[in-house]
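Look for subunit A in each of the two complexes below; its partner is subunit B in the first and subunit C in the second.
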Partner chain A sequence: MNIQLKQDLVVRNLSVHSREGTIVSGVSLALGQNQPLTLLGESGSGKSLVAQAIMGNLPQELKASGQISFRDADLLAETAIERRRRWGRSIGLLPQEPWLALDPTMPVGPQVAEVHRYVRGKPVGESAAAARENLAEVGLAAAGALYPFQISGGMGQRVAIAMAHAAGAELLIADEPTKGLDATLRDSVTARLRQEVDAGRLLLTITHDVAVARALGGMIGVMLDGRLIEYGPAEVLLAAAQHDYTKALLAAEPSQWQRQAQTLPGKCVVSARGLEKRYGDKTLFSGFDIDIAAGEVVSIVGPSGCGKTTIGNILLGLVKPDAGAVTRDASLSPLRFQKLYQDPPAAFAPHQTLRKGLADVARLHARDWEEIRALCARLKLQEALLDRLPGQVSGGELQRFALLRALLLEPAFLFADEATSRLDPVSQQEVVRFLLEIVAETGLAVLMVTHDRDLAEKISTRLIPVAGSGTLAEAGMAG
Partner chain B sequence: MSTVEPVYQQPKPGLGPARLSGAALLVALAAFAIVGPAVISADPAAQDFGATLAPIGGDYLLGADHYGRSLLARLAHGARLSFGLAFLTMLAAAMPGVFLGLVAGWKGGWTERGLEFLATIVLALPGLMLVLLLLAFSPGNYGPLFLGLALTLWVEFYRVTKAATKGVLAQPHIEAARMLGFGSRYILLHYVLPVIAPMISTLSAFAMATAIIAVSTLSAISVGLQPPTPELGSMIVELLPYFAEAPLHVLLPATLIFLLVLGLQLLAQGERA
Partner chain C sequence: MTGRGMKNFLVLRLLQAGIVAVVVGALCFVLMRVLPGDAAMRIAAGRYGPDARITDAAAKIRIELGLDRPLAVQFFEWLGSLARFDLGHSLVTGSPVAHELQVQLGASVWLAAAALLLSLLIGPIVGLLGGLKPGGTADRMGLFGAVTFRAVPPFVLGLVLMLVFSRQLGWLPPAGFGSPREILLPALTLALGLAAISSRVTRNAVAAVARAPYFAFARYKGLPEAVVVRRHGLRNAAIPVVSYLGLQAIYLIEGVVVVESLFAYPGIGHALVHAIIERDVPMVQGTALTMGLMFVAIAAAVDLLTYWLDPRMGKNA
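On to the complex of A and B.
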């Protein structure tokens, strides 16, 4: 490059050690103004540890070595107190799921004002005025009086950004800023972060979403097993990845998938007519009809909060509709209607090892343990994982265990409720691949509920878009 | 990782120093209360006016009271009574409390509302009043004392059990277990009880401490157990007029109550504090 960009944050040979060994080793990267940096990688790849080392909030038992210089200051040489003094002031963290990090008992305006009042020590009136200005900067001028539960996830993320503005943080560290957001909100948050870069702020983003990295531009680092395996300008890296893992990661984006070959639908497994659901005065949907046949993958696609999960729960009999009726194939036992949950850890008892949970299911339904072993091998789950608690395995592994558990009951219908939305792309692709294999083999009927249109288009026989306004239109899809 | 996911915390294995010292204290006191009455030959009610207010360390190891009764024997019997009564009270409060809590948490609806109403009424009645009312029927007996205390203490068990049960039952993994075909019995034994058991054991220790204090307090205001029953509270009151001559004698039963309650509190609160 001809023009040497000024690098404001330079990390050289950063390693993070625990008592058992090295978790992150030899990471070197840099970022400057107009050159944001995005770290891509699956959970457990060490990308969050790099951010924590820069921030200075590594867990006690971990030690960082190497060099982190920020504006000529060597961060690793500073004491814990000096580093803490930087938090919010020169380095700001945009937390994961900020709507959970905001104070639920206080409107967002005063929460931003507190930053001026207590972090920067301004008088009350001035703080309130400055807070209004900060909220206006992120397009939330009218939202100051709303409580966190009244705003959307994307607005919550913008409130967090307004707070970082209020504190005057030069370096923003965004940790999975789009986790749990649907595509529209994700794009608006990403656009907001891009504006921060254009306004001259330094940005380090951690994500497993390639689309976020692409939209932000700048530099991209790909992490795997604690190493930075690939590092380069976004346009180069995304167009011509060198490392196999990067290639797999890029190929795992649903938009890059092969469209699945269709199987012939069989007998109708479950159908519903004229479904209606209201919450208070609000009608979520009405007059909704759906038929799902064996061997079909039907996807309901729509933004968060449009009632698509409720439809699946009604078909399973978990929620009663306000109007309409569900008809199931009467020859099927209710046990053959199963569900995969959005948040895999929530579907397992937290204090029960996976082995005990699965053994109990096997005993209840007179299944042989050998079947579980065979399914473990098939779903590429190591048997050592069986002795762990649900919280001790990764989301992708746990979702495959959930699939395994459902398969023990030979399901005829499976409701996958955003089952892959919290997984990184590679894990998502694995789970979906296994699911589709099983559909092809056993004629399982699947109802997918998702906000990822790309994913739905690639794998489903039919797609049902749901609008946020509460109207539904069933549309057949060519294929 | 900086993920803010609700990760289940495994209970810490073993006992911490606080809980260990609480347990040790209780074991020592229990040994004194159980073994003491058996090995101490002195009758706690035998009077010896020649030994009135005998000093500590003489013929009587811990001295004698104003009637010349052995304080060592009386303390051992008193500790056994307090311990035993507290344990029975705790059981009598915990069993219906936990059971009704599970029922209310499980059934919800009218069952829960009815039980909730009952609990509110019991809470509104002054606990002392309830005990006094029952004691009026048969003064000086263990039965009404323990029944009255249990009637006021079950509400805590009920409320905690109900709240915890509802919390567990609302989680998706219960829904998942039902879809997998597991019955209520399995869910209760494997999903609900492991979560509420540690809370109930903590609450039990607190309830025993409350019962010990309540029994002593009631005796101290002369409505509980009647003399000559060696009860720690009534011992304090009986010895109080002789405080000037024998201050240590009054402090002995008070210290024993203090140690009993301290042991229970340490065991219950332990690492949480």
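On to the complex of A and C.
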């Protein structure tokens, strides 16, 4: 690559310290026009802290040292007020989960217009017109009057980009811009970011999704435990990774996985005939049949909002279908039908240690603590973690605790609802591996609901694609 | 709101008002009959005072008002008049119930409005200070105040305020009606109880908004702090506070009865208590009905306000 490229943002030896010690140390990187930078890494690797140090919104208890030069300014030498003045104007943030970052009670048009009005000081009418133009630039000309709850996640991210256009920020920091989006939306958001680069904007992207880094190109930095362990041009780094963690990260992409050996299905655990569900006037699906047998991993794959989670909840009896019937093996206690949730932190009481929570489950269902210890060992969870709060362990660890909690009840059927979509690839691979081992050992029947077709293809005995339009077609996939 | 939505809303509320009228009327009727003591005797005492010939007077009253007829007949008679918007006449004074209510309701509405206004001056501001820094001094003091004022029943609080501001300090009259000075103590008694809850609701709403990603993102967009609070903070924090006002109407209406009696304030609550003592059934039914309808009206107003504040209400994604 061309070394003569002008570097607009240069980070030298950046460290972030908390009272307890150093969380990020010695990070040096640079980015310029037509040379976006993508930081890859798992949650807790410090990649978000690097972005926050550049943006200037580190939590108060954290201090950054080193040097961040943006154009000719030394950002770390600026006061908090000076840094805040850059927000929107010279550094713009594309938020993760934009549907949460938009004001839920204001239409998106005014939310874009207020940037013109209050950041750039234009009159009201002119601001509204300029906002319509910004929305049209991202293909949302007709969306100005819609509220955030009426638009999709991908549209939300484009609204955020329209806001960045409105403010005229030169540097865009995209913080997990594809978190929670399905593959189609992810690709459209990534393509949009690429267009921003082509239009001459500076782009720093934080992600744990290797596919996003690959599509954006430019430079890639890989972070682990607060250090930048590998840094180089995308095409070089992705083709010939040096560091073991980078190799593991690349290998953890579901498309790189080995396909699972097929097991012989046992007796049918749960089946349903003619399921139908409507929301308002909209029919989500109708005439849906499914059978899941012991030892099987059945995946339902489809885009967000197609009703795939609803199917799982109907099988568990959490949601009533509008038509059709579910038959669960009557010899099994209802407790043996369990669910693994999408967002692990939301599935645990936040102010209770994991030990206390699990002890309560054990007491309620008359289980021995030894079983928990055995499962901890089985899922490679250190017992020291038990004394932490759910927020103090990683997402992958917490999801394994959730799996442990479900396994404590000796489930015959487990509904895994996007159970790994919020995990980084390495953690995802670990959780899935444990799950599949349990299936092989105990003959557990698993229903996976996911938007990741690669993942589903690698691990399922059968795959059921669901179209967005409300029609389902069961397709058996031969082993 | 779309035209159809608005129509459905109004029809629903009117229906609710009708049901409230029948249920409240029937309950009052039954409860008044099962109260111990002879109704005719009480009415006689209310009209002429307890004197030697009260038994004769009571007998006349019983025949005059038809109190010896079957209960069902008396009840349906009341319902029939109600359908003609006629609330009947007071058994004691003989003047139309509607006329008496008009005067008393006006006084009570003033009191309730004053109490609500005072509570809105206290509650949301205390809550805002607490919510901006959860766990801080203002938050803890607010919590202490809220627990104290909510735990103390209005009649005790009223007495305490009377003792402090009237007896000890001599600033305000302990009872009466007519000038703003007299409305202040009863209104404050109600307002403190109302503010106790609304301050906590506000505190939680403000804390939730301050933590919300959209609040942080508004800053990252480059908006000045005042604009962030005004455009993205106030409305979102106000939604739960306003919806809670509907529930507070219960406290307000029940408080009006107690506080008016305590401060000898000639409102609808005061009238209700007297009507019960004097067994003035039409007056009891009339006042209770008015209070019930006031509750429906307040709930409807709160619904409309919430609908206006929160675009997510009643719209489909």
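In this section, the second predicted complex is superposed on the first by the 476 of 479 C-alpha atoms of A that agree within 3 Å, B and C clash if a C-alpha of one lies under 4 Å from a C-alpha of the other, contacts with A are read in each partner's own complex, and residues count from 1 in each chain.
Here is the rule we go by: contacts are C-beta pairs under 8 Å (C-beta built on N, C-alpha and C of every residue); 3 or more make two chains touch, one makes a residue touch a chain.
Worth saying up front: this structure is predicted, and the values here are computed from it rather than measured.
K.L.:
Once both complexes are superposed via subunit A, do subunit B and subunit C end up clashing or fitting?
P.N.:
They clash: once the shared chain is superposed, the two partners overlap in space.
K.L.:
Looking at A:Gln352, would you say it contacts subunit B, subunit C, both, or neither? Reply first, second, both or neither.
P.N.:
Only subunit B is touched by A:Gln352; subunit C is not.
K.L.:
Would you sort A:Phe285 into first (subunit B), second (subunit C), both or neither based on which partner it touches?
P.N.:
A:Phe285 sits against neither subunit B nor subunit C.
K.L.:
Applying the touch criterion given at the start, work out whether A:Phe401 contacts subunit B, subunit C, both or neither, answering first, second, both or neither.
P.N.:
Neither partner.
K.L.:
Which of the two, subunit B or subunit C, is in touch with more residues of subunit A?
P.N.:
For subunit A, the partner with the higher number of touched residues is B.
K.L.:
Name the contact category of A:Leu409: first (subunit B only), second (subunit C only), both, or neither.
P.N.:
A:Leu409: touches subunit B, not subunit C.
K.L.:
Quick check on the superposed pair: does A:His365 touch subunit B, subunit C, both, or neither? Answer first, second, both or neither.
P.N.:
The answer is first: A:His365 touches subunit B but not subunit C.
K.L.:
I'd like to know which partner A:Tyr245 touches here: subunit B for first, subunit C for second, both or neither.
P.N.:
neither
K.L.:
For A:Val115, is the partner it touches subunit B (first), subunit C (second), both, or none of the two (neither)?
P.N.:
A:Val115 contacts subunit C only, not subunit B.
K.L.:
Could you tell me if A:Leu100 is touching subunit B, subunit C, both of them or neither one (first, second, both, neither)?
P.N.:
A:Leu100 sits against subunit B and subunit C alike.
K.L.:
Run through 133-141, 223-231 or 277-285 for subunit C and report the one that clashes with subunit B in the overlay.
P.N.:
It is 133-141; the other listed stretches have no clashes.
K.L.:
Which parts of subunit A are touched by subunit B and by subunit C alike?
P.N.:
57, 95, 97, 100-101
K.L.:
Which stretch or stretches of subunit C touch subunit A in the complex?
P.N.:
Residue list for subunit C touching subunit A: 212-214, 216-224, 227, 231-232, 235-236, 239, 309-312, 315-317.
K.L.:
Considering the complex alone, what residue numbers of subunit A touch subunit B?
P.N.:
Contacts found on subunit A: 43-44, 48-49, 51-52, 57, 95-97, 100-101, 175, 316, 318, 335, 337-339, 341, 343, 345-352, 360-361, 364-365, 389-391, 402, 405, 409.
K.L.:
If you look only at subunit B, which of its residues touch subunit A in the complex?
P.N.:
Per the stated touch rule, the residues are 1-8, 10, 171-173, 175-177, 179-182, 186, 190-191, 194-195.
K.L.:
Within their complex, state which residues of subunit A touch subunit C.
P.N.:
Checking each residue of subunit A against subunit C gives 55, 57, 84, 87-89, 92-93, 95, 97, 100-107, 114-115, 118-119, 147, 149-150, 163, 167, 280.
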